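Some notes on the structure that comes next.
Read from first to last, the chains carry the letters A, B, C, D, E, F and G; within each, the first residue is number 1.
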C-alpha cells in the first residue's frame, strides 16, 4: 500500500511531465490514473518488499549529490572523448576489463553501470552472472587496476549512498 | 536473455511510457497524438517488456487476451459512430459538449474522443496480439 | 520545400522500390514494398493543394465554438451551377494542407497492417518451403 | 535571431547526419549500423527540439519524446535479436 | 381448345409430365415406359388437332410475353413444315417409347431414361414450333443437351462418354454459331421473329442486299450442318451410336439430326435464291452424301452402317434443299420434303430392327452374323422392307422420293448449264449407288448367307410384340406411302412445300410416270449398285488399308488430336502464362501501368515537363533528399537482411524528418512509431529466416529490371511535377472547409486529428478494421499449420 | 538577457558536441569506441540543447517536455549502449587491433566466432 | 428516428460491429453461429429494401457524419445497391455453407470476424462515394480475403504451403495495385482538390468545358484500369487469381469469384462512367483488348486444368473477360449485358465453388483425374455441377445463356464483329472445359479404389446442400424468367450512362 502511494506520487509527477504542464490538476489526475498503470505490473515492482517513506526520503540528499558528481563526470568525459575524436590521428589503447563491484540491489547495479558508461573513458558492456563483476570497455585500458580503482573511488560510493 | 540493467530501466520506462501514451491519447484532439499514436506507444512499451523480460515471464503475471482488446476497441469505435443514429442523426455525427467539473474547470468532451479510445484499444490489441502470437510460436 | 527536387526524390525512391520488388528474395520484395510505401506517403503529402507554412493545429484559441479561424471562404454553389474558383481564400490559409496529412496517416497505418501480415506470411513461407526464393514458390503452376 | 539560429543549427545537424549515414551504409558490422541509427535518432531529437523552439510550438517536442522512447525500444530489440536470435 | 393452346400444350406437356415422372415411377415401377408413351401420345394428339387447319393452308401464331425488354417472347408458329416435323417427332416418339418397354432392361435407371426422352421430345417440338430465332436456339441447344445425356446414358462406359462429349461439343458449338447467325440476322432485320421475316418482302430484300448477309448465312448453316452431321461435322454421329438403340432410332436418325434440315427448310425462304445458298448447302450436301455413303462400306457395326447411311441420307436432303437459282428458289424442296418423311419411316424402322437384332444376337458386329432369316422371319421381312425402301426399290416410298431427287438434280444441272448438266445428276446417281450397296449389305450381312458357327447365342428368335409391333407399323407405313403417295403428299408434303415456298403448291406423285430420265437413272443405280456390291468387301478392306496408311486423312484424327492434346498444349500455354514466380506477374503489372501512362502521354501531352521547374534548394533540404536516396539504395543493395532493414529504418526516420519540415507533426510521430514497429516485426520474421539466400542477377535480368525501374521513376516524376502544379483552375478544396470548421464544429484544434476522427472518421473506422484484420490474419497464419499431409 | 546568452551558449556547445559525437562515430576504430562517442557526447549534446530550450522557455509545456526528453535520453542511452556492445561482443564483433586487453572475451570462454563483415 | 434512411450505413457498419462482437465472443461458438447467420439474413433483407427504395425513389445519398460533400458520402444508386444485394445474397449462403465446412477451431476463432469484415469491405466499396474511402475499403477487402484464404477447412485437402504461396502472390500484387491507386487518388486530389467522386466529376467536366483539362488526367484515369483490373483479375493482372481462388476454402472461393472480383468491374463502371467521362474514348478500346485477352487466356488455361477448383478459377478469369467486353462497348446494351453477365456469373460460379467443396469432401482430393463415376455416389453434387457448368457455358435455358445472348446481341448490334467472333469461339472452349470436368468427375468409370481409396460417405451436409440448391434455383430462375434482371440491368445501365442524377443526389445539399 505504501509502495502504491509512493509510486503513484512519482507517476503523478511523471504524468505532469509528459503532459507538459505541471500543476495540481494534472497531478491529481495523475494520481487517479497511476494505480491503474501500476496494478498489472506489480510483480515487476517488488510489491512483496516492505517500503518505508522515511527511508526513501532520507536518500534524497545523497541522490542529489550523486547527480552533481555525475554531471561533473559527464562533462569531464565529454571533454576527454572530444579530444580523442579531434586528434588528427587517433591513438588509443582500448580494452575490456573486469571491475568488481559491491553494489547489490538492482537499482544500484543499474545506476553504477549507467554511470560508468556516462563517465570518462568507460563503457559498461556486461555484468557477470554472479553480479560481482562489471565488464567495462575502457578507451585507455593500459592500467586495468587503475580504472577499476577509480570507478570504485569516484563513483561507486556515491551510488551506494544514493541507492542502497 | 537481457541483463539486469536493461530490465531495471525497462521497469522505469514502463509506467512512464504508459502514462505518456494515455496523455497522447487524450491530447490527440488538440495536439499531435490521438488513438493510433497513443496505442502504438503503449504497444511498444509492452513489447519492450516482452523483449527485456521474455514473453513467457511477462505472461506469467500479465497475460491479457489481446484479442479482446482489439475486439473491444472496434466495438467501442463502431458503437460510438452508431450512437448518433440513436440521437436521430446520421452515423458518425459528432457531438461536442463542454462540462464544468468542480475541480478541473471546463472540460471539453467530444464523441470523437470516445472513437479515438476505440482506435487506441484496437491498435494496442492488434499489435500485441500479433507480437504474442508470433512470439509464442515455437 | 522544393517541389521539383522532392518530386525527383520521390521518383527515385519509386525506382529503387521497383527494383527491389523485382528481386527473387521475398524479404527483398517486402523491403521494396516498404520503400514504395515511404515513397507513396511522400507523394501524397506533396499532393497537398496549397502551401501554407504552419502546422495545421489551431493555436489561437478564441474559446470554444469560436469564430472562423481562417476568414471566409467561397463555396462552389452547384445548385446554381456555379463553380466558384478560389480567388482570395487561399491567402487566408496559413496552414499546410491538413487533408493530405490525414490521408497519409490512414495510408501509413494500413501499410503497417499489411506489412505485418506479409512479414509473418514470409516467416510461414520459409517454414513451409525452406527458402525465401520466389522461384521456389511455384508449386501452384499452370 | 531565431531564423538564423534555425538555419545554422539545421545545417549543422544535417551535416552531422553524414557520418551516421556513412556508418549505416558502410557498417562494417551490424552493431555499427545500429549505433549509427541510434545516433541518427539522437540528431533528429535535437533537431526537433530546436525546431520546436523556433516555431514556438510544443508539437514537435512531443515528437522528440516519442522518438527518444521508440528508438530505445528499437535499439534494445535489435540488440536482443543480435544476441539471442529471438525477439521476445 | 384453340390451336395455339394446343401447340403450347404439345410442347410443354412432355416437360411437365417428365418432371413428375420419378414420382410416377414410384407408382408404376417398371411400367413407367407406358406412361412416357402416353405422354408422347398426348402430344401427338395435340399436334394432330392442329393439322387440319394447316392442311387448309392456314398458319397459326401466338405469343406469350417472356423477355419483352429484349424483344424476345415465347411465341409459337405452325405451318406445314412445323406440323410435319411435329408429327414425325411425336409420332416416332410414341413408337420409340413403346418399343423401349421391351428393349430396356428392368435393371436400368428407367426414370432417367424416359425423363430424358420426354425432355428431348418436348425440346424438339418446341424447336419446330418456335416463332423466334432465340427460342428456336434455346430448344435447339436443349436437344443437344438431352442428346448428350442420352448418348451418355451408360455414364460409366468410356465410349459412351466419348460419344456424348463429341456430340455435345460439335452440336452445341455449332448451335452457338447459329446463335451468332441469328444475332446477325437480328442486327440486319431488327427482329427475332421468324414469321415477320418470312412474310415481309421488304425485309428479305434488304437482307439480300446487306453486306452481312453472307455471314448470317454461313453462321446459320454451320449450326445446321453440325446438328445434321454434314460436312466435317459428321464425325459425331457414328459415335452417338453408343446410345441405347431406341435413342439412336429416335434422336440420331429420325428426329434430332433432322433439326439441321428443319433449320435449312425454315430459313429457305430467307436465304435461298442466291448462289451462296446453292454452293454452301448443296455443295456440302453432295460432298457429305458421297463421303458418308462411301465410308459406310467400312462399317462392321450394324448401327455404324445405319449411322453412315443416316449421314448420307441427310446429305440428300441438304443437297435438295440447296438446289436453287435466282428464278427458281426451290427446285428440290418438294423432293427433299418427301424424302425427309420417308427417311424418318424407313430409318426408324431399320434402327428398331438393328435394336432387335443386337438384343437377340447379343452383338452388333455384322461380320459375326448371317443367316438369321430363318430364326427371325418377321424381323427379316420388316428389315427387308426398310432396306429396300432406303435402296430406292419400287414400290416402296423410298423409291418415290429418290426419283424426285434425281428429277430435281437433272433440273438443277440443266438450269446451271455447262458441265453441271451432267455432273450434278451423275453425282446424285453415285450417291444412290452407295446407298443401294450398303442397304443390301445390311440385309445380306444379317439375314442372308450362312449362320456363323460360333459367336451367336444358340436360340435366336423374333422378339415379343412389344418390340416388333412398332417396327411392323413403320414397315406398313413404308408400303402405304409407296403405294398411295397421295396420303402423305396431300397431308404433309404440300402444306410444307407451300410453307417453304411461300405460295400454294400442288404436287403429283405417282408410282409410275413413264420412262423418264429419272427412271433411267434409277435403273443405272441398280446396275451400278449390284456391280459395286460385288466388290463391297474389297472396297472396305481398301478403305481400312488407306485409313491405316493415312490416319491424318480423316476428321476424327483432328478431333481426337485436338481433344487429347488439348490438355498438354493448353498446359504448355498456361504454364508459360502462369509460370509461378511472382516476379513475372509483378513485371506484368508494372508494364501495364507504364503502358497506361504512356498511352495518353504519347497521344495527348504537348509538353511533359512544366516550365516552372525549380532546382534551387537549401543545403539541408538537398542533403536530406540525398540521404534518403542513399538510405534507399542501402536498403536495396546491402547484401544481408539486417543491414538492409536498418537502412530501410533509416530511410523511415528521414521520411519522418521530412514530415517535420512539411509541418506534419502527427505524421512524423506516426512515421517514427510505425518505422520502429515495422523493424520489430521484420525481426520477428527473421527469427525463422536465416540469411542463406543469395541472389545472383544475370546481366540481362539486371538490365531489364533497371529499365523498368527507371521507367517507373520517370513516370512518377512526370506525373508528380505536373500534378503538383496546383489545382487548375483553382477550385475550392475540401481542406478549406476542414480548416474553417475544425474548431467551430468539431471542437478540435488539431485539424489533422479532427479529420481522422471526425470529418473522415469513417475512413479511420475502416483503417482500424484493417488493423484487426491483420491481427486476425496473423493468428490464422500461425495456426494454419498441422493438417499437412 | 544573460540567461539568453547563456542558453545560446549551451545550445551551441550542445550542437557542437552532437557534431563531435557523429565525427567520433565516423572516425573511431571499432564499435565499442564509437559507442563511447555517441553515448557520452551525443547524450550530453542532446541534453545541452534541451537544457538550453528549458532555459529559454522556462517551465512552460515546451520546457517541461524538453526536460523530460533530456532525462529520458540520459537514463536510456547508456542502457542502449550496454545492450549494443554486449550484443556486438557476443555476436562476435572483435575489438580493434589497438586493443590491449579483453577480460570479457576470456570470461565468455565460449569461442567467439571470427569478426565478420556485414 | 427513421431507420430506412440509414440502410446504406447499416449495411456497412453492422458487419464491422458484428466482427467486433465475434472477436469478443470467440469462446461461444453457439452464439456466434446464430448471431452471424441472423445478421447476415437481416442484411440480405435490408439490402433488398435498399434496392427497392432506390428503384422507386431514386438515388439515395447518405452523409456520414453529416459533413456534406466535405465528409464521406455513401451513395446508393441502382448499380451499387444491386451489387450490395448480390453481396448479401452470396455471402449469406456462403456463411451458412461455412458452418459445416470450415474447421471448428478456425471457425470460432477468426472466421466470423474476417468474414463479416469482408462483407463490410464489399458493401463499403460498393456504396462509397469517396475515392479515398474506396481505397480504404479495398484494403479491408484485401486483408480480410487474405485472412480467409488461409482459414482451415474441415479435413482440408489444400496444403498450407499452397495457401501461403497463393496468399503471398495475392498480397504482393494487390499491394502494388494499392500503391498505384494511392498515386492516382492523390494526383487526382492535387488536380481537383476533392475526393468526392461526384465533385471530381463536376470539376473535371468544368475543366473539360473550359479546355483546361490537363493531359495527365487521362494517365490518372488509365491508372485506375490497373487498380480495378487487378481486383477483377483481367489480363495481365489476373495472375493471382488462379492461385488464390482454388486454395481458399470453398465458401471463400465462392465469395472471391462470386463477388470480390466483381468489385473491379464495379469500380470501372463507377470511375470511368462517372468521373472520367472524357477519357472514355481511350478507355473503351483499351478495355476491349484487355477483355479479349482475358477471355482467351482464361479459357485456354482452363482447358489445361486437372484441379477442379483451379479450373473454376481460370473460368472466372475468362468469364470476367466477357463482363469487361460488355463494359467496353460502353453502350446501354453493352453495359446491360455486362451487368446481366456479372450477376449470372456471380451466382453460377459461387454455386460451382460451393459444389466443388462438396465434391472435395466426397472425393478427398481436388484432382479430377483421381475422381470418376461420382454420379452414383454423389448425385446431388453431380446435378448441381451440371446446372452450374451449363450456365457458365451459356447453355439455355439457364442464366448464363441469357447473359451470353445479351452480350453477343449487344456486340453484334454495335458492330464489334471481331470481338464477338473471339468471344464466341472461346465460348466453345468454355463448353469444352466445363463438360470435360463434369465427365471426368461424375461420369466415366469409378476411380481406382486401390490407389485412391473409397469415396467418403459424408459428402454434403444439409447446411452445405441448402445454399447450393438455392443458388442453383437462382441460376435456373435467371434463365427461365430473366425479365426482372434484364429490366433492372437496363435501368442500371441508363443510370450509369447518365451521371447527372448521381451528381445531383450527392452535391445538392445543405452543408453544416
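One rule holds in what follows: a contact is a pair of C-beta atoms (placed from the backbone, for glycine too) under 8 Å apart; a residue touches a chain by one contact, two chains touch by 3 or more.
Bear in mind that the values here come from a model prediction, so they are computed numbers and not experimental data.
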If we define chain centres by averaging CA atoms, which chain lands farthest from chain C? Would you check?
-> E
Comparison of A-B and C-G by number of C-beta pairs in contact, larger one | C-G
Most central chain, judged by mean Cα position vs. mean of all protein Cα atoms, is G
Chain centre separation in whole Å, for chain G relative to chain A (CA means) | 62
When centres are defined as mean Cα positions, the distance from chain E to chain G in whole Å is 27
So what's the Cα centroid distance for chain B and chain F, whole Å?
-> 31
Distance between the CA centroids of chain D and chain F (whole Å) is 11
For chain B, residues contacting two or more additional chains | 2-3, 5-6, 9, 13, 16, 20, 27, 30-33, 36-37, 41, 44, 47, 67, 70-71, 73-74, 78, 81, 91-92, 94, 96, 108, 126-127, 130-131, 134-135
Multi-partner residues of chain D (at least 2 other chains) | 13, 15, 17-18, 20, 27, 30, 33-34, 36, 58-59, 61-63, 65-66, 69-70, 72-73, 76-78, 80, 82-83, 87-88
Could you tell me which residues belong to chain A and also touch two or more other chains?
-> 18-20, 110, 113-114, 124, 126
Which part of chain C faces chain D closely enough to touch in the complex?
-> 55, 57, 59
Residue ranges of chain E in contact with chain G within the complex | 66-70, 134, 137-139, 141-142, 145, 148, 152, 155-156, 158, 161, 164-165, 168-169, 172-173, 176-177, 179-180, 183-184, 186-187, 215, 566-567, 570-575, 577-578, 582, 584-586, 588-593, 596-597, 599-601, 603-606, 716, 718-720, 722-724, 726-735, 737-738, 741, 745, 758-763, 765-767, 769-770, 772-774, 776-777, 779-781, 783-789
Contact residues on chain C for chain G in the complex?
-> 21, 26, 29, 33, 36-37, 40, 43-44, 47-49, 75-76, 78-79, 83, 99-100, 103, 106-107, 110, 113-114, 117-118, 121-122, 124-125, 128-129, 137-140, 142
Spell out the residues on chain G that touch chain B in their complex, using ranges where they run on.
-> 1, 3, 6, 9, 13, 16-17, 19-24, 26, 62-66, 71, 113
Hey, which residues of chain E end up touching chain D in the complex?
-> 619-620, 623-624, 627, 630-631, 633-634, 638, 642-643, 646-647, 649-650, 653, 656-657, 660, 665, 668-669, 672-673, 676, 679-680, 683-684, 686-687
